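Order of writing sets the chain letters: A, B, C, D and E. Residues in each chain are counted from 1.
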Amino acid sequence: MAAKTEKLLQVKNLKKYFNVSRKDVLKAVDGVTFDVYKGETLGLVGESGCGKSTTGRTIIRLYDPTDGEVIFDGQDIGGKLNRNEKKNLSKRMQMIFQDPYASLNPRMMVKDIIAEGIDIHHLAKSPKERMDRVYKMLETVGLNREHANRYPHEFSGGQRQRIGIARALAVDPDFIIADEPISALDVSIQAQVVNLMQELQEKQGLTYLFIAHDLSMVKHISDRVGVMYLGNMAELASSDDVYDHPLHPYTQSLLSAIPVADPEIERTRERIILEGDVPSPIDPPSGCRFRTRCPFAMDICAKVRPKWHEAEKNHWVACHLHDEEIKTEKV
Amino acid sequence: GSSSSNDSSSKGSSTELAKDQTLTMSINADIPTLDPNLATDTTSTNAIDMTQSGLTRMHNNKFEWDLAKGEPKVSADKKTYTFTLRDQKWSDGKPVTAQDFVYGWHRQNDPAAKPAYNFLFASVGIKNAAKIEDPDNKAYYGKYDKLGIKALDDKTLQVTLEQAAPPFFYSILSQPQFFPVREDVVKKNGSKYATSADTMLYSGPFVLSDWKKGTGWTYKKNKDYWNAKETKLKTVNFKVVKESGTAVNMYKTGSSDIVQLSAEFIDQFKKQYPKEVQSSVNAGTYYLYINEKTNKNLKNLNLRKALNAAIDRQGLTQTILNDGSVPSNYVVPKDFTAGPDGKDFRSKHPDGFSAGESSEAKSYWNKAKKELGIKSLKINFLSQDTSKVKQIDAYIANQIKKNLPGVTVEVNEQPWANYLKLNNEFKYDIAFSGWFPDYQDPMTYLDMWTTNNPMNTIGWSNKKFDSLIKDAQTNTADVTNRWNDLVSAEELMMSEYPIVPLFQQGYTWAQKSYVKGYSQPSYGPEFDFSKAYILKH
Amino acid sequence: MDHLLEIKDLNVVFHIFGADVQAVRGINLQLDKGETLAIVGESGSGKSVTSKSIMGLIPNPPGEIATGEILFEGNDLVQYTQKQMQKIRGKDISMIFQDPMTALNPTMKIGKQIMEGLIKHQGLSKHDARERAVELLQLVGIPNPEKRVDEYPHQFSGGMRQRVVIAIALACNPKILIADEPTTALDVTIQAQILDLMRDLQEKTGTAIILITHDLGVVANLAKRVAVMYGGKIVETGTLDEIFYNPKHPYTWGLLSSMPKLHAKTDKLLAIPGTPPDLSHPPKGCPFAARCPYAMKVCIDHMPEYTELSKTQKAACWLLDERAPKVVPPSTIGVGGEA
Amino acid sequence: MGRYILKRVGYMIVTFYVVVTLTFLSMKMLPGTPFKFANRLTPEQLNQLKHYYGLDQPVPIQYLHYLWNFIHGDLGGSFQYGMQPVTEFLFQRFPVSLQLGFESMVFGTVLGILLGIVSGINRGRVLDWGTVVLTVVFISIPSFIFAAILQYFFSVQIRIFPVIGWSGPMTHVLPVISIGVGVMATVARFMRTEMVEVLNQDYIVTAQAKGLSTSAVIYKHAIRNAMIPIVTVIGPLTSAVVTGSLVIENIFAIPGIGSQFVDAIVTNDYPMIMGTTELYAGLFIGTILIVDILYGIIDPRIRVSGGKPS
Amino acid sequence: MANSNTDITKESFAKVNLADTESEKITGESVSAWKDALRRFVTNKGAMASMIIIAAIVLFAIIGPHFFGYDIDDQDVSRANLPPKIGALTWIPAFNGYENGVDIYKEKNVTKNYWFGTDQFGRDLWTRTWKGTQISLIIALIATLADVFIGVVYGGVSGYFGGMIDTVLQRILEIIAGIPNLVWIILLMLIMRPGLITITIAILATSWLSMARIVRGEMLKLKNQEFVLASRTLGAGDGRIIFKHLIPNSIGMIIINTMFSVPNAIFFEAFLSFIGLGIRQPQASLGSLINDGYQMLQIHPYQTLYPGIIISLLLICFNIMGDGLRDAFDPKLRR
């Protein structure tokens, strides 16, 4: 794969806090920094509740960021946006959702679902043009014209997910955030969707932020992968780097935990089994978020929050084990 | 009185008295108060009538001497009356004295005691009463000690009037407002006075022995009553039952001996228990006000006649009310008072002054239309919102609509207080109303129609009528002349049809055949069981 | 040979609004002592219905076991009355459900939920049952079990709840444990904990496990034998290695090749096109025919019989008929065998 | 939890204050006077009376006065009962209504829960259908019609129960049934829905999988969970029953607060109307509070987190 | 292993080419969620029967009053309190014009038949009953419509905008709900005249609360659904989200709740009639008819019976229909 270098999206120290009660603040995303290059797929993995969706939703401005910068194609979109700016943004940045059952309005026909973006942005001059675009979108995602007049509940999960993709593509965006687009689908169907997304990327030069917790699928589709833990980014590198020599203990244990569909490997594999569950984001551990479950936790981990730094070339990590300063101190 | 105290009709199994002289009745309201000075409603009044005594007592529509030992000594100018009291003890053993009467009368005229019915004193013409009750009269207002009553000694009571006593003087003395009151008991109990069975003293044929608020009460025979030998009943139970259906069910199952019947049950009872159904007419009269003050059309006599003729009273009393009420076309009810000649007031015009049959209504209406130059008429019919009245309203509205083509009636049913307000402000065309006597005299039905009387809320005015009434009020001494004045006044009034008389109220009740001597007279106690008894059964 | 459990020609029908859903259409299965059998397959292929049939928990109405036998130690459970079934459930055969969040009664203490089965089946006193409950919690790796027996489910995290569910299932040392997607609702790191736990426990107790999942990774991790279901039927069964390294049914091929490989580079995943059949109007022939890249005329009209490929492996596919053209399975499934 | 209760009590006080103010204001909007014989009084006499009752002062002063007295437990004197304190009447009558309401609630709730369970378990079968129709019928028949029929049948025709009264246990039967069937129907409907809901839950299957008998599953797992939400219906229902029994009280001549209240309205007895209204409101608000707290106690999920699960 | 099927020939093993699009084919006609719900509803026997009964009652409410040419206020005391008599059905004791074994028609010399009998004013109860049904239905309709609108708007605003607005609106709602129904009625009763407006206001004062709660809940649930978020990311404004997404998806709940508030309104009107706040004479509603007849319950039970039957039927049918709709719209039952 050719190296992609032009930055389409820059996320800097993004934070999103929710006020869950008068006292409590839930730090769903607590200072993540990463770039997305034009034409690449950046995978985002992590356990449930670690803030993947929140990151995606904050970038696309479903949520207003608590702090931090989001720069999209040179333009800062992290601050206050007026209606028009939001609308323009929505043409260039789109989202695909997780639940194929909940993401389509059951009361609308497929054609109206797909045409929603066209209608909002007045992309069609006549009803005929509108329908033409709808048909084109349907064909693009491998459905046919007859499907335009049907209702979502008549479709299977994979088909619905393709309708969701068609809806996002209808406004001709550059950047798509896919929030677990396949995790609710059957194994045999997942490949349909993933293949389709890859095809589209090749044809239309799309850029993806691909959120999932299925690491093998993320690895398959992504150029680079970011690993999140409890609102923080733990590691970010090219997918091969992340899988072949992960630096962060969390990434390591995560990788070892995935059961592989190969009995041979499964029989011989050593696992790093993590103790306990993910702590609550309302009251996260001090210092390094992962230290409570980390097999290598040190004293400093409780005191100092590890720096997000480029430990190797294009391999970012936030862990004291890989922090040069601390390493040298120790040695 | 025509009340059916049918002692004679004892076709029952025997005439022997039952051992258990207990009578049980249901009633639809609790006793609000036992205080004679505060009582305004029939239930309180009845309770006071049965448990206390005044100078006189009403029985079967006639007064009897009660605590007064017979006729008083009357002065020559007929203005001063000196009563001698009988020996009667209060239920705490102390004698009833003339001072108790003085205190009672004073208290009734003391604004601080918040009496509501003291205008009776002025109506009778007790000396200074009118002035004492008039807040504008700075010199007299509230100075009840200037009232014309004096205790000459413990047993002698002197009453002074402004003029010769009107004929109803002795009968009105049976009203609780004129009863003796024990000052020490009032003072001792304060605000609790007369609110329960034991914060009150008794001097009547019965004592109140048990009063459970909301449930009922019990009277026991008062052995110390001077006329106790005539009291046959040992116990009388009253049960508070608000649903007429429930009361009837109690009667049917034998848990009460007497039940007041509402219209719907009467036919059934007449079929099922023909011997037990009793009825009497009382002195309540009902009529329609006609607003002549603010409604020009209604000044037309033919229109008023048309209204009068339009209503079929027979249908109203027979089918809608069905409770013994009788159609009326007069102002003063029948069987209420007798004149100096001993004849009933109604004897000269027994059927009143009908403007005609309903078939004639149309011709009056046609004449009126011509005279007024109108084609149709909209009538605002003011009434009250109680369920029984609503039925009457529906009937009357329909009668007028049906018999006077072109007239539309809009019924405006209001709560009592609002009704009064609209009525006083003349915001109506016709209004349903009724009258109960304050005292036993035709005057109580007639004087309110005089010009400028605050009760005259119809705007009718007739000089001749005014002078006849005035004459009757001032010349109390000439009894026959006064009587004739009143008869003429009614004749005069009804020639102009300022109101549309509808009916004279009747009561229908059922009493078990073993109950004798019970009556519901037209004036006096509502339920008179003072001389009732139970036959063996 | 006497199996611990043997299912013969099981048919389950649901009579629902306007249609009869033939959820399970004539399946045959055997399970031996101490063995782990995985049932994999498409969503809606009848995996859960099969397991519920074994437990006698098909909701009736609308469900009904139309025909078939479920022989447990030689006795046909289909003929059992509810009373008889209640003696088997939880004691000889027990079950773990997919969603630990809803599988526990929210208003009953954890301890009591574990104790219920013990008291019922082993006649333990309250006190003994409680002690055993604490032991069980300890066994499934819940710290502080003495304290936690008296807590309520909502005070437990998802992973811990699933451990509790397992503890309940294991309470009476059942001969068969049916685990219906025991880890689907859990995070990978927790899933690893649970899978470890299950394997340990099986080693200790020798319980036979029926593992239902659609995650082939989990199958590879835990199972000894695999049955692949599609459209209410078992299309292929065999040992773990046979299914993974020498599959014969095109659906199995598709299943295996649509999974990305973590340790090998795949350029493009092999997708199975189309959607599974509607079981209220099941196809006459092979249920997979409509989506099968090798489909032949015969597949559409005739259901293939099983072909015994080895002592342990058999598959139902017309490609295995000698008249059928030879096809090469897709290379993506790695170890390719020829059909 | 403590915070939660405190918050609820706060709302309760505000609500109650609103009720007190509303009753006061609407009383002031009333036409006419409380004096029955107003038509026989001169305007002067009327003013005099108004002065006695403090009705001639400006409304805000009357209001403050009223609030002040209210805080001190003085609801004024009843106009129709010669200024006897209203509180006395309320204290005398209320316990009867409360007892009637309580007995009806127990009767209705117990039967309703049973019926709801039976119906829920047999969803879609004849028994369920029968119960559904029965409950709707009972909800549809006004309680006074039902009471009248019961009285006619059981007291007049068969003569098992006395026509009126509130003394022995026999006198309680008919009124309690008359009110109770409505409660029963409401509770049964609610319980049925909850049962159906609960029986579809996974933990029921878990319980069945443990090998528990059907009755144990229903009794120990389904019913308890289905009954928790019932508490929320019972609260408002209780006060609706206690306050709504006025018609029944009249039919069976029960000396409760309801019949008293009707009288008060008919006679424009302001203080009595206000007092009773406030009592009703207090009762209602109180039960809702108790129910909320109770809910927290019964449902372990709230006990810890302090708030209803959404 | 060998296949015994004789019709399997060599060419059966020819490969068929299934086009990709072929496998995507959906058979059967397109059904919207509405049609789907409708179908389920139609197969629900109880609900359908209820709907037919309601339709019949509505029909009679419209044509019934014109059967005999009587007006609702056609009084004639000479024919008062006649029991029901239907010429063709005199063999049924309930319709032979007898009361307590006496032929009342003969006794009163009445030749015409009155199907539901007459009241104490001699008014034809058939006419009055159906006219009353009309009024009751209109009251229910007015009240329900208003209730729906207030409830939907209040709940919608509260749920959709959330935040401070929601908090404030919810606190207000809590306080309103904290005041018992009876208290509202009493206050109204004291200051208003009976009649249609009073009835409507009385119903409104309290009944929209549940609708508001339900709509708010729906809004809270829906506004975070992915399809709404999707619409947001496409740049949709509040108006589009509300009218295209939220309302169409909560309308099922709104309809169901309406089905339950219709009988509530009818029942409530009856209760208001009972305490004297109902419709005014000579107008009649089912509630006022029952209340009038109630006085006669022991003597002329038929005067309560027919309005009673109709009101009960209405309540029962609306309730069963509501249940049916709930099932029809239940997402859990959908496949």
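Keep in mind that, in the parts below, a contact is a pair of C-beta atoms (placed from the backbone, for glycine too) under 8 Å apart; a residue touches a chain by one contact, two chains touch by 3 or more.
Per UniProt, the chains are A, C = ABC transporter ATP-binding protein; D, E = ABC transporter permease.
Small disclaimer: the values here were computed from a predicted structure and weren't measured.
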Chain of greatest Cα-centre distance to chain A: B
Using the average of all C-alpha atoms in each chain as its centre, how far is it in Å between chain A and chain D? 55
Centre distance in Å when chain B and chain E are each reduced to the mean of their C-alpha atoms: 51
Cα centroid separation between chain A and chain C, in whole Å? 32
Take the average of all CA coordinates in chain B, do the same for chain C, and state the distance between these two points in whole angstrom. 92
Junction residues of chain D, two or more chains touched: 30, 148, 152
Enumerate the residues of chain B that touch no fewer than two other chains. 245, 249
Chain A: which residues touch two or more other chains? 159
Chains that touch, pairwise: A-C, A-E, B-D, B-E, C-D, C-E, D-E
Sites on chain C touched by chain D in the complex: 55, 57, 61, 82-83, 85-91, 94-95, 97, 99, 102-108, 116-117, 120-121, 152, 154-155, 165, 168-169
Partner chain E, residues of chain D touching it in the complex: 11-12, 14-16, 18-19, 22-23, 26-27, 29-30, 129, 132-133, 136-137, 139-142, 144-145, 148-149, 152, 200, 239-240, 243-244, 247, 265, 273, 277, 280-281, 283-285, 288
Inside the complex, what are the residues of chain E that reach chain C? 1, 3, 5, 8, 10-16, 18, 20, 22-24, 39-40, 43, 333, 335
Residues of chain B touching chain E in their complex? 244-245, 248-249, 262-265, 267-268, 271, 312, 315, 318-320, 385, 387, 390-391, 393-395, 397-399, 401-402, 411, 413-414
Considering only the defined contacts, which chain E positions touch chain D in the complex? 46, 171, 174-175, 178-183, 186-187, 189-191, 263, 267, 270-271, 274, 290, 294, 297-298, 304, 308, 311-312, 315-316, 319-320, 323, 332
